[in-house]
Amino acid sequence: MSGWHIKNNVMRTVEILDVKPENPHVKTIFFRDEMCASAEPGQFIMVWIPGVDEIPLSISSIYPDGSSSVTVAEVGEATRALTRMRAGDIIGVRGPFGLGFKVSGERALVVGGGTGMAPLMMLINRLVEGGVDVTVIEGAENSNKLIFLDRLNNLSESMGVEVLFTTEDGSYGFRGLATDLAERVLCNKRFDVIYTCGPERMIRKAYEMAKAYSVDFQASLERYMRCAIGICGSCTIGKYRVCRDGPVFDMERIGEIEEYLGVLKYNESGERIPV
Amino acid sequence: MSGWHIKNNVMRTVEILDVKPENPHVKTIFFRDEMCASAEPGQFIMVWIPGVDEIPLSISSIYPDGSSSVTVAEVGEATRALTRMRAGDIIGVRGPFGLGFKVSGERALVVGGGTGMAPLMMLINRLVEGGVDVTVIEGAENSNKLIFLDRLNNLSESMGVEVLFTTEDGSYGFRGLATDLAERVLCNKRFDVIYTCGPERMIRKAYEMAKAYSVDFQASLERYMRCAIGICGSCTIGKYRVCRDGPVFDMERIGEIEEYLGVLKYNESGERIPV
Amino acid sequence: MDYSALKTHLAGLSMPNPTMLASGILGISAGTLRAVAEAGAGAVVTKSVGLKPNAGYPNPTVIQVECGFLNAVGLPNPGIHKFIEEMGELRDLNVPLIVSVFGFSPEEYAEVASLAAEAGASAIELNLSCPHVKGTGIEIGQNPEMVKLTVRAVKDRVDRPVFAKLTPNVARIVDLAEAAYSAGADAITAINTVRAMAIDVETFRPILANRFGGLSGAAIKPIAVRCVYEIYESVDLPIIGCGGIRDWRDAVEFMLAGASAVQIGSAIALEGLSIFKSICDGIISYLRRKGFRSVSEIVGLAHKK
Amino acid sequence: MDYSALKTHLAGLSMPNPTMLASGILGISAGTLRAVAEAGAGAVVTKSVGLKPNAGYPNPTVIQVECGFLNAVGLPNPGIHKFIEEMGELRDLNVPLIVSVFGFSPEEYAEVASLAAEAGASAIELNLSCPHVKGTGIEIGQNPEMVKLTVRAVKDRVDRPVFAKLTPNVARIVDLAEAAYSAGADAITAINTVRAMAIDVETFRPILANRFGGLSGAAIKPIAVRCVYEIYESVDLPIIGCGGIRDWRDAVEFMLAGASAVQIGSAIALEGLSIFKSICDGIISYLRRKGFRSVSEIVGLAHKK
């Protein structure tokens, strides 16, 4: 993320091309923007929902025709407004921002929880393209909350990617947490790297496992964001700014912020609150 | 002169590398500046003499080592201060600005009066490099006011350029005005183009001759200048701005401002005064 | 292209389009004023003219900074009496000729304005906002009471539309706008330049001969948009937006903020005189794309959001 | 490299170099304040803290414009009581920790400031200049009388150096500086952001949720340099320059204008935290090349020309 890149990254307004439901609460929104189409897996953009809010969302895919998408779960006012928009509506985008996932190693375990799958989906595509042996674990509360089922099942069939689903209520795939399943997978197979995104406690557990099994580790974190360009200080975790030094952190950097991971964050007012 | 070019043309300060006297009142000042070294013959720069003034001066030469020069006659406060500066002193430069001479035709007659030779000297070098058959007439009041004698005599010897000097008092070369000599030369030889710079009445006469002999014509004009980028309006002649639409004007454009040429200009206050 | 959607009526003036030449840009001679009109400006404003001839400041008077221009030209002008001769050559101009005037007292403004009006000015713009000339900037333009007195003195002597051009160098520009409104101004021009300076690190010197000057260009656009937006909410007068406009998007931004017309100054250095036409073309396409029939429909639209 | 020529003494503080982190940039958490100090800043200023927790405005709160940044964050902060806990982690910071405070009355400023001082602030900076929060900006910071009352109230309660951070959104910033001076301020910080706005032409909406915000970055540098230069001529207090500083040249320009130290804000978005070190390195080379032994020798040099 060079100074030049930031300087020329003013907000653009774009038309929504299409909105595709992933499940009852999650939609994928397609639009065309040149800079977004150059994003690395794990990078995010700030999406302006005019008159409502501006929120960070990961790029979930980029298509050869120059369009990109974000995949958004309805959790509050901004995400509700966004998931209700339709083709032809206008949103603003700035970005892509931050440091994405680094593709490394030959065997990758991808562990995603809920909409944490958004940045991971793009990563999975990139890994498969690069010939990496990929195992994907997607976890959610119940079958209604899983996303990208089609895309992942397709990859499994056509590219031989191992895809495992798990739900807390057992309504689809395995029963239990994504990390429980990950532990089982790790016992049976040697991986070079674990990529993860999702609820921070899940990330924390995955991090502990990575340490235990001596596997390399990269996780995408979330914090409250305003500027996305590293000046407002809203998104800090320890000495790092998630928007600039993350959102993807590697093993070494996570080690430096271990005491906060899954433990503590700052809210909009800058008060420390539990994660 | 593109918008980009103007936008990136803020003032730079440079050190004077050397000061070379041309005659008792004229000095050539050398400095190094990348943008100046890309000037076309006939383009000018604004030279800031810190604490004194900022004035337009033509680029009189560019050297392969990236240095450039201006050649300045002492006529008032700013030029006096500038001609007294020494190597190591600092001046500011912005530019190059304006439209320069267009090299065209196979036989060129160059007519210069006094420091009007400054932009012409660089042009002559360019013409010679381009294999153009060049005849140069330099006129001045007396031998003390001629400049570039060495450089021109060298060109004459080494490159076969025909160089003619004329002084009003006959103290060097022919006696009489440069335009008188030009008339004689034009009677005897066919030229494709006349290039001229110097006192405006001389330019006017040269223009009338060019029309009479049906020779193409380009002249560099002077007007009072402030901004040099076409917004302040100080340098207007008819519908044109000398800093932007000139300083070099071709036959057609001079035709459109004929009524002013050698007749009328605006002073610093914007009052119309005779040239 | 059909430009009829751009027709603009402003304080009694009819303009073919809402773009105008800003004061002090080229407008000192008949030749360039005509050239600007021919290039497509909907109206032209002259350089500010005073009672007596004035040579302005020594150079450097106009310099560039990273995001714009700094100028301290010092209001050079030939004085209204000589300028009237210049105006004589513009009788057949096909767009409104607006004469910008300044003075060192309300009476002087009125004197110059009435001479300009007699000589055929379509309207008068009062330069109440020069940030670097003593006696007319701070003393008059930054003081709502003096703005009121000046506008009133001019309105008493002149039967043409009078525009008050305001300075952003105050805590509340709306106070100035309200003063101008209460004294009968027909329109507000906002904004003039922002007081600023630049120092050269090699020579330790302020670069402008006058040290202080006015900042114009891209740097001040967000300030100018804010001023227009604020004035639109506070007084019921047409506003002419000015400050950093370089393309049709900028022009539209000002109009959404509340400007009925826009003035273009510094950007001419970057884009040349073709800027008037390219802005008009851009606005026309925008209006079509968005389904507006007249440029007047977008004025102030940002206030409804 | 030997940085001893950069040592700066300012209103009783000792700083290893004259660069400081500007308020509102990162300074809300102990972690980033420490990171900035480690990156080479000569002092750090915290985000402005008030008496009570405040969530600020909804997004968009920070956007980019052509030549800088617009922000209307709305002074989010956890309130001084919680912030004191945060400060507890910074006891061993190796550079001065300056706490920026705001309030809605002189008494509130004094209350927050005295709590910050008790908790170990090296100095207090009074944010008298937020251009977009009701009740503390216009009402206090743009009014010399209120500035005087506020500085005095704080000085009465606090035995640490007090900096008055001023707004450029006034007709004469020197009036504010003189008010701060007369009330006993120990230094002046100039400037905060310039009131501005941006409108999106596709949706017709002001982009910032708060509509109005403050302009920072390259756009305002010439305005800030002018303010520093004017204040240097009017009051005998150290000045901390701020506004659009991006490299050593900019920093030196402010110092020549009269700043004893400089604050860096928006440029961190472009250059990252390494900006502090690169500015220091640049100043060191400049001092050597020009034959100065201490950075203090260049302060105000442009006034001698």
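By letter and in written order, the chains are A, B, C and D; residue numbering begins at 1 in each of them.
What we mean here is this: a contact is a pair of C-beta atoms (placed from the backbone, for glycine too) under 8 Å apart; a residue touches a chain by one contact, two chains touch by 3 or more.
Since this is a predicted model, take the numbers as computed values, not measurements.
Among the remaining chains, none touches chain C as well as chain D. Think of each touching pair as a link: the shortest run of links from chain B to chain D has 2 of them. Separating the centre of chain B from that of chain C, both taken as means of CA atoms, is a distance of 36 Å. In this assembly, the C-alpha centroid of chain A lies 64 Å from the C-alpha centroid of chain B.
Per-chain Cα centroids separate chain A from chain C by 50 Å. Multi-chain contact residues of chain B (touching two or more other chains): 51.
With touch defined as above, residues shared between interfaces to two or more other chains in chain D number as follows: 65-66, 203, 205, 305. In terms of which chains touch, the assembly is arranged as an unbranched chain of neighbours.
By the document's touch criterion, interfaces exist between A-D, B-C, C-D.
Contacts from chain A toward chain D in the complex involve residues 3, 6-7, 9-11, 13, 46, 48, 50-51, 53-55, 90, 92, 94, 226-234, 236-241, 244, 266-272. Contact residues of chain D toward chain C in the complex are 65-68, 70, 138, 142, 169-172, 194-199, 201, 203-206, 211-212, 215, 218-223, 225-226, 229, 249, 252-253, 256-257, 286, 298, 301-302, 304-305. Of all the residues in chain C, the ones that touch chain B in their complex are 24-29, 31-32, 34-35, 47, 53-56, 58-66, 69, 71, 73, 76-79, 82-83, 85-86, 200, 202-203, 205, 207, 209, 265-266, 268-272.
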